[in-house]
Structures are given as structure tokens and as C-alpha cells.
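The next part holds the structures, each set out as C-alpha cells.
Next, two complexes with chain A in common: one pairs it with chain B, the other with chain C.
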Partner chain A sequence: MRDSVVMHEDRPDTAPGAGPVLELAGVRKTFDGFVAVERIDLQVAEGEFFTIVGPSGSGKTTLLRMLAGMEHPTEGDIIVRGRSVRHLPPNKRPTCLVFQSLALFPHRTVGENIEFPLKMRKVPPADRRVRALELMRMVRLPEGYYAKNVTKCSGGERQRVALARALAYDPEILLFDEPLSAIDYKLRKTLEKELKDLHKETGKTFIYITHSLEEAMVMSDRIGVMRGGRLVQVGTPEDIYTRPTDRFVCEFMGEVNVLPVVAADGAYVCAGLTGRFTPPPGGPQPPKGFIVVRPEFLHFVEDDDTTTENVIVGTIYNEYSLGSRMQYQVRVGDKTFIVEQSRRHACSGAPDRPVRIGWHARDAIFVAE
Partner chain B sequence: MNPQEQRLRRARLMTAAWTGFVLLVIYLPVLCSALASLGKGRYFLFPIRGWSVDWWARTLDSIEIGMLLRTSLALAAAVTVVAVAAGFFGALAFARYDWSGRRLYQKIVLLPIFFPQPVLGLALLLWFNAVGMEMSWRTAIVAHLVWIVPVVTLVIAIKVYGFDPALEEAAFDLGASRLQVLREVTLPILWPGIWSGALFAFLLSWGNFPLSLYTTGADSTVPEWLYAKMIAGYTPMVPTLGTMSTIAAASALGIGALAAMLMKRRRAA
Partner chain C sequence: MATDMLEAPAPSETAPRPAPGSRALAFLSAGARCALPVYLLLAVGFAAPLVAVVAFSFATPRSFDVFATFTLENYATIFDPANTVWLSFAWSLGFAAFTVALLAVVAYPIAYGIVHLFGRWSGLVGILFVFPLFISENVRLFGWVLFFIRNGVLDGSLKALGTDGGPDVLFTPGMILFGMVYTYLPFMLFPTVLGLSLVPRDVVDAALDMGATRLQAWREVELPLAMPGLLIGMLLTFVLAAGAVAEAKVLGGQSVIVITHDIEIAFTYSQNWPLGSALAVLLMLIIGGLTLAALSRLDLDRILGRK
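Entry: the complex of A and B
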């Protein structure tokens, strides 16, 4: 047996958590002088669900394609379990990619699609069938689908077929290129949970890319935020949510209120707003930066409230029902703030009437310029 | 019946009538030659006085005709094999891969189709002479290919354009070798395009006259013989062979369509 061929028998018996399964060392990729990925260093632990988030053009797809072997890094090395895979083609790598388009073979049945990697490895047909049916059970596809044409399957079923086919390859690392982006909201939520369950069940390392931080939050153990070919922040969903390191990461998370501020006598002021703002306690306090307040941390300030350090007066411009919560747009001068409150704390004020909104210093995030 | 239904019915009737008329105009000449082949007389005169299949029997028995058919068949078969092989890879270069000379290639590959065939035939004849090749049906293979490969390339390229390159990447990623990718994914998916390309190649070669005229040398193909006999020495074997040829081509198409249908049904099952 050639040592380059992926076979689970020759895997070392490493316990989960014993060293990274994947290591990127200074990986860089340029296309005709255009830098798609800029010197990425990253370690992914065994069995981890790692998600790379970034807007389109941030280099996340290029990075994933390098991991799969469809692109080769201009510089740097990709190491899987201590062995460089940099020069290996996709069919010799212990990774398998689930494509955005899923790339199911339209001329094959569900069963034949799932058995494809086994057939390539010359597994006898009877064994292939047993394994395919096992995988179909795992991804919750009914047994009757075995002989069904893939082109006749629904979107969700096709997802499951693609997943089962990738698992049939038995990779060390499963790579996902936004496979859920074309799926409607409700089904996507179901599939996100199923994917997370499957991750637990198989114990394999998952590397997932998406442009939706919300999707990343639901599934991941750790998240890497990418921008302009760089990983700007890597951390747990909790880290990313509560301690974003820059303005881009904050804004990428969805609707947030960002105040550009400059220091003045121990506090901060913002051009166009009256009042002085207290930065969150602890941490450095550079002369310039941004105070970021999430909509759910902005609240309406009653007249007898003395604990809210930061208060602004504005007018309610519009309100939206988000189901269990209400969202308000509050205009202050030429700025618009977004306030989200549960219905219990809903604002009684009518539109176009002045309201006081504010936040506790501890709830805000301060990021340097 | 309300007026709207009536109008719809009338429109349907008119469509059917028009379709019938067009088909009649197209197939009347073919029908006439079939009728001419079934006459008893030596000359083609309407109305046909006596019917017979005598000329069909004589055509089938003729050694000369047998040779013509063998030559035409060998020529068309050779052209089909080479044109499909060249056209398949040509189509991948045309529609699938991005390479530096691609735009130029896409234009140049089409030029022979626009070149008048008699001129192309003559040019090839001069060229074959210049390099000292002896003319036979084998040189005609080269001549036919010049014109037919671009057509086959285009026919297959249309199918390649609709082919998601991610499928090949996925197969490669799932452990297939380059050869396995070709055999398991690329070829089966492009198969309908390859099949129509082959059909085109065969029929275009089978019916080609201007290129064969200049480049077959002493050998003669069916269209060449038909032309020569019509110019001088008409015999009812001309319409007979013409009709036979048409029937053969129609059956080839029919068998092709049937094979495609059966394959589709098997896949759907």
C-alpha cells in the first residue's frame, strides 16, 4: 500500500487534543500579483469544529481550496498530523470538500454517489453497499433513496447525500464551502443542528466557511474572522461576540451601534453628540477609537435611572416587531441608533417624541482605531 | 363551444396545416426520387406507368455500387473516429479550460466551416500534390476532417459549456485519479454531446460531395457517383441509391435516438 493513499488503518492512534490535526504555517497565495491569502498561521485541534467567516472576496474560499489541494500555496506550508500535504493533489490528501454547489454526480443514483470514493478505492460492490446504507442512516436519508436519481432529490436531501459521500471518503478533515447558503432559513436551521450532531457523532475535524457569523456561532467550537486575506481574529464564539478586537469584527456580526470617539479628560466625546461617554472598565484607553454598543444593550432610560452612565436624547424614527423582541430606530442628529428590547421593556413613547436611550459602560466594547 | 375555445381550435388546426405543408415541401423531392426508383422504365417520366423493384434488386446486386458503399462507409467511419477524438479534446480546450491562446483558438477553429468547400477541396488537392501524396479515399479522410472536426468540436463544446467543473474537482477530491475522473465523470456526462458529434461527423462525411470530388483520386464515393451519373449516363440506380442512402441515414438517426431514449429510461429507473 502506498503511504500517500488515505486509509484509516495507517492512522496513528492519537487521542483527541493531542497536538493539532491541522497546522498552517505562513500560508500565502497570490494570483498574478493579487494577494488572495496573506500569511496565515493557524492550528486546528483534533475533532474541532472550526469556522472561517468573512465577506465575499476575503480569501476564505481560496484558503479552503488550498486545504483541499485544489490550489497550492505560493508560500508557507500546510501540515496534517505532522506531515506536509502542500504538494499533494486532492486525491492523495486526507481531506474532503463539500462544495457550495454540492457537485453531486447527476448521472448517478444516491447510492452510487455515496459509494463513489469507495469505488475509486476498489472496495467490492457488496461492501460498498453496506457502507453506503450505513452512512445514509447516519445522515438521516431513508433507505429507499439508495436507487433514487440525485437530480430528483430535494435541496435538503442533496445536502445529506453530499455529506454522506464526503464521509464515505473517510477523511481526517471535512471541509465545507458554504453548503447551506442556498437553503431556505427554516431548513438551514435544521441542517445546522444536524451538522453539529454529526460532528459530535463522527468525532472528525470540521472546517467550515460561511459569510454568516450567525451560522458560525451556532455550530463552531472556534471561529476565525477573515478580511482582505488575513485572519483578523480567532477565538471561541463567546470571544468573538464579547471581545471583538476591531471594528470590522464588530460590524460583521450584524447590526451594532458604532461611535467614533476621541479621549477628553478621562472620558470620550463623539462628534455630533452631546454628552461624555464612559469607556468600558479595564483595558487600555487610547486617544482615539470606537465605542461599540449592541442593540440589545441599548435601553430606554427612565427619569429616575441613575446607574446608566451613558445617555443620549433622540427621537424614535421607526419600530419593527422581531417577534419576541422589538427593534427601534432612534435618530440623534444625523446618526441612527438601533435599540432592541424585549416586549416587556418596550418603549411607551410615540414616534417622533423625544426619548432617552443609554447603556451601561460595562456592556459596551471599546476597539482601537 | 365558446368563441375563445373556437379560436384556440382554429389556431391549432392552422399550426398543424402549416407544419404539414412545410414537411411536404421538404420531403417531396425525396419522395419523388423514391418513386422514380420504383418505376419500370429506363427514364424518369411522370406518371409512372409500370411499378417494379427491379432497379432495387439490380442496385443491390451491382459490384460497382457495393464498392461505392464500402468506400463511403470506410471514409465516414474513419472520419467519425478521428473527428470525435479530436473534437472531444478540442471541445474541452474550447469551453472548459482557460489558457492563454484560447480566444484565438476559438476563432481559428471555426474558419474552415466558413471556407467554401469546393475551394477548400481544390486547395487540399494542390497541397496533397505538392507534398507528393497519392490520392485515394484515405487522403479524403484528411480533407473531410478539415471541415468536420470544427463542426464536431462545436457540437461537443455546447455540452461542455453546461458541465460544472466542480464535478471533476469533487471526483478528484474523493480519491479518483485523473483517468478515473475522465472515465467516471467527464465522459459519461458529456456522452450525449459526444454521441451527437459522432452522428454529425458520420452523416456529414457520408453526404459530402465537394471535398470528395477533389481528394478521393481514383476512388469514388456514393455522392460522387450519383453526381457523375446524373451528368452523363443516367440510370434509375441513381434515385434508387439516393433513396437507399436516405433510408440508411434516417435509420442511423432513428437508432441513435432510440439508444439515447433507452439510456435515459435506464437511468431514470
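Entry: the complex of A and C
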């Protein structure tokens, strides 16, 4: 990757892994009094695939635009390899953003698009072409596309062109603003995997934003969950999945069952439900909080089952086929629980018949209020 | 089913009978029938006068023997080396070229402001640029005469302030150019606004993000993408300016005779319609030729991103 043709001359020759490549120190951004991003401290390691996940309006795009230099922080500092870039315009920063709209140049061919950063750096045309074809191979674009107009390319092909163009800039950090959001499911899955491969191949630091935690889980080394301009949790996909720190992170992961509970004699009770619930073993047990159970950890409890600590009785009022699995909506009082089981463990009960559902204490997550 | 078919009347070999009245035009498609009134209007109002002008240009000089005589004498007169009418062509085309060049330079920053900078004030700016169009062009031009004339608004005010008075600019070619730029600014401005508003902001941001300087981003991305609008404005103002006559007559005080003024003289004062027609035909050919040459040099499809 360290091609002499495309290298930034002023780049310090830091070995990978020597300290964070990117550091945010108390970065804050307000627009006319509205706080878009609230005091973010973050360190991203060299070569990391870091994904920021959050619903729309959580400030993730503003944060990314600050990294690219299209917005400037109201407070705080952005440091790339020990050097503050806070006051640098986008064209002086070692970052490159892949826009949600891709922002390809519609009046140029695929080759001209990819060569654009090199042309701006006054690289001779012959060298540019060599590099562009090399990058096209890397992103799996056929060589014949070199002279094709970008407006004639399909959605997936345009993604690849945008990616190759960003790589041609040879940035320290590649930034992605939900580039896959407008792509259909099947192609998105392919491109996610390719992007992950490309990350490995180039060894560059990727910072990716998305509103889909699923997408983040597939690709990322670490994930930061954003809400209301704050990073509410930063961790590996495993951390986020198994140890979410609050209710928002839990619910952001999709359909989960959340029970608001209060402590009572070493166990917990939930208003509107009969029975006492055992919290997951280990960890502190505050007086109030939420017990969170994923649909796949809720199961139907047979009469001879004695190992399931937490059992509730309700009625099935809906069932859906999810292909390999079945999903049931079980009503208990005014609450609805979602149960997902493989077809082998499907419930044979008829609708409106009482069923017993339950979960093992070790499968639940307890989050404080 | 089969028996029903037998009892039903045999299917007619001809197409369904058209409604009475439309039968005469039945050979035309529905689209052609709808467009017919427009074609008729254009034939009567546009093509016929054009044919008349072309025919007149081949008629005996100083006569009205249109369609009855054929001679190249009018064209011979124009191309006679002793004739100085080529000067009028040169003035007209020169003024038009300079007007377009100046307008492009003047209109671009204003259009950029309207699209990107003025925010909610851009609407008002746009209206203020349209407003003068509600007043007759001649009235506005005479207004400028009053402004620049000796002892007029500018000169008189400066003298009252104890200076030597304003510059003597009236009735000069420079003044004519000023008048043309002034008159045709809206016709350049709005196509330019359209062109600039077609440039996605992300695309310019992306160019800047990938190392382009502001100048590079403008030259490589913004200008080419805004070009369709600019080109429409430039063609429009070139054609208008090449056919302009009032600026030269009013602000130029007839110090310069432009070609449209020559044509007007031929049709009115000298009552030589054939010569006037020949000049008009020549002007049309020149403007048409230049326009087509400009269009073919600029690859519109490529500018518009279709290939």
C-alpha cells in the first residue's frame, strides 16, 4: 500500500500499533445553541475498524463531518497521530470521507473519478492510470470499466468506485457515512464482507457510521453506540451484545424483552407480573433496573423442567415464521413477550391456550436504571 | 363459447370505425393530432414570415416584387468591398461577445450567492433582479441617459459638490456595452442560478476532501457541473445581444450603427425591403452558425453526464 506515487510526503513513519492514530479530546459541537455532539473522548487504534452506531439525529454524522473537516468542533480537539487537525480544512487532512450519496463526479469516467485525488496531487497521467487500475482490481471492478461513465454504473459498482477513489487519496483514516444504506439486502451483505476484506488488505483505519447494529457487528473491531450526541457505550461487538450498559443499547439491538424491576428480598419483582425473578449471577444488584431477555433466550417451559428459574404464564396470540425459526408473541397481562425458537423447539400449543415461558437467569442481562 | 362465436356477427376485417369527424385525420397518431394546432400556429406565425423574408432577400432591390423576381443583387451589394455594412456586423457581434463575457463574470458570483450564501435573502435578491423587467427597456435606457448626460444626475451632482463634474461617457461604445450588460443581466443570472443549483454540495465537498484546492474544486467539479445552465444563459444573451438595437441608439446616440439598426433603416427610412431582408438572412445565418459551432464544440451530453 505504501506506494511512493501516492504517499503523503509529510507523513511521519510511525509503526502500526504505536499509539492511537486518532484521538478525540472533549469534542463538542453546537449549532445555534443546539448540542449536536456532547464532549466525546475517544481513541482509535491504528488499523482498527471502528463503527459508530446510532439512530438518526444522534450526532453521528456531525461527528464524522468533524473528523473529515467539513464541520469544526465548538470545543475540544481532534488529534491524528499526535498532531491537532482541528483547524485544518478537509483538503489538508489525512482523512477521506465516503459520502452516503457517494458524491461521485457524474461528468467523469470511472477512471477519472478514481484518479481525481492523484490528479490534484499532480501525479503524471501514466502513473495515475497504473494506480487506478490497481485499485480497481482491489475493489473488484473489471478493467473495462476504466472508461465507463460513472452514471452508467450500477449501485454496487458505484460503491466500489467511491471506495477506490477514497483509497487513491491514500488517507490515514477512511471515513464512511452509511454508504451501504441505499443498497438492497443481498448486495449489502456482499459489500459488507468485501469492505471487511479490504480493511484487512489495506491495513488502514476505518471509521464507519451506520444506524444498523447488525451491519456494525459484522464488520467492526469495536463499536461505539451514540445517542443524543453522546457515546453511551464503546466496546467490542461481543461486549455490546453480551454486556450492554443501558436500556437504550439493549433496545437498539433489535427486539428484546425488557422488564422494569425493583429489588425485593434478594430477588426482583415486576409490576403487573406475578412471580419473583432471579437476576443474572454476579455483578451488583441495585434496587431498581431492567432485566433484559433476548427473544432467543426465552423458551417454552415443559412441566417437568426444574432448571428454569424464571417462569411466566401467558397466552400466545400471534406467531410468525422467520424461516429457520419461529417467533411468538406471548401476552402476559398487558405486557407482550417475544419468544424466538428454532422449529425443533416450536410450540405445539394452539393460540389462546395458556403457555409457560421462561428463561435461565444466566441468559438475562441486568442493566441499571 | 364456440356456438356463441358462430352466432355472433363475423368480425369485421376493417379497423373499428372511427368517430365521425376524426376520420379525416385518422392517418395521424393521437400525439400528432394534438400537436396539429401548434404546428399550424408555428407555420402561420413563424415559418411563413421567415419564408417571406428569405424570398424578399432575392427580390429586385427597392421593390416589393416578392416571389415574382429572383436576383442575387442584394447580396452582391452587401458583399461589395466598397460597402461598409460589414462594420455593423462586426460591431453587433463584438458587442454580443463582450456582453456575454462580461455577463458570465458578473452573473456567476451573484448566482453563487443566491444558491449558497444569501439564505432566506436570496428570494428578495432574485425579485429585485426581475423587477426592472416590468419597465420598458427604452424607458430604463433613457433613465441612464439622464443619469450620465452633461448636467444630468451624476455630472450635476458632482459639479454641485465643487468638482469638475462626471466623466463624459455617454454616446461611446463603452456605454453601449454597459447598457447591454445591464439589460441582459437577468437573462444570464437565472440560467446560471439553475446551473449552480444542479451541482450537488456533496460532490464539491468530496473534491475538497480529496485534496483539491478551492480553485481546483471549482474548475474540475463545480464549473463543469454548472455548465449546462451557464451555456443556456450565454446562448440566450448572445442571441439577444446580437439582435439588440436600443442600446446603440439610445446610449450610443447613433455614434455606432449596429447591424439591426442597419436592417431597421433599410426597412423604414430607405424603403429597401429586399436589402433589409438580405441583411436579416445573413445575420440569422451568422448567429445560427456561431451557435451551432459553439454547441458542437461543447459536448453537451458529456457536460450533462450522459454519454
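Basically, the second predicted complex is superposed on the first by the 358 of 369 C-alpha atoms of A that agree within 3 Å, B and C clash if a C-alpha of one lies under 4 Å from a C-alpha of the other, contacts with A are read in each partner's own complex, and residues count from 1 in each chain.
Here is the rule we go by: a residue touches a chain if its C-beta (ideal position, glycine included) is under 8 Å from a C-beta of that chain, and two chains touch if they have at least 3 such contacts.
In this text the structure is predicted, and so the values were computed from the model without any measurement.
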Sticking to the clash and touch definitions up top, decide whether chain B and chain C on chain A clash or fit.
clash
Looking at the overlay, what does A:Phe31 touch: chain B (first), chain C (second), both, or neither?
neither
With the two structures laid over each other on chain A, which partner does A:Tyr320 touch: chain B (first), chain C (second), both, or neither?
neither
Chain B and chain C footprints on chain A, overlapping residues
68-70, 89-91, 95-97, 99, 101, 103, 105-107, 116-117, 119-121, 149, 165-166, 168-169
Touching residues on chain C, where the partner in the complex is chain A:
200, 202-203, 205-213, 216, 220-221, 224-225, 302-307
In the complex, chain A residues that touch chain B:
6, 68-70, 89-91, 95-97, 99, 101, 103, 105-107, 116-117, 119-121, 149, 165-166, 168-169
Once bound in the complex, which stretches of chain B touch chain A?
164, 166-167, 169-177, 180, 184-185, 188-189, 267-268
Please name which positions on chain A make contact with chain C in the complex.
68-70, 89-91, 93, 95-97, 99, 101, 103-107, 116-117, 119-121, 149, 151-152, 165-166, 168-169
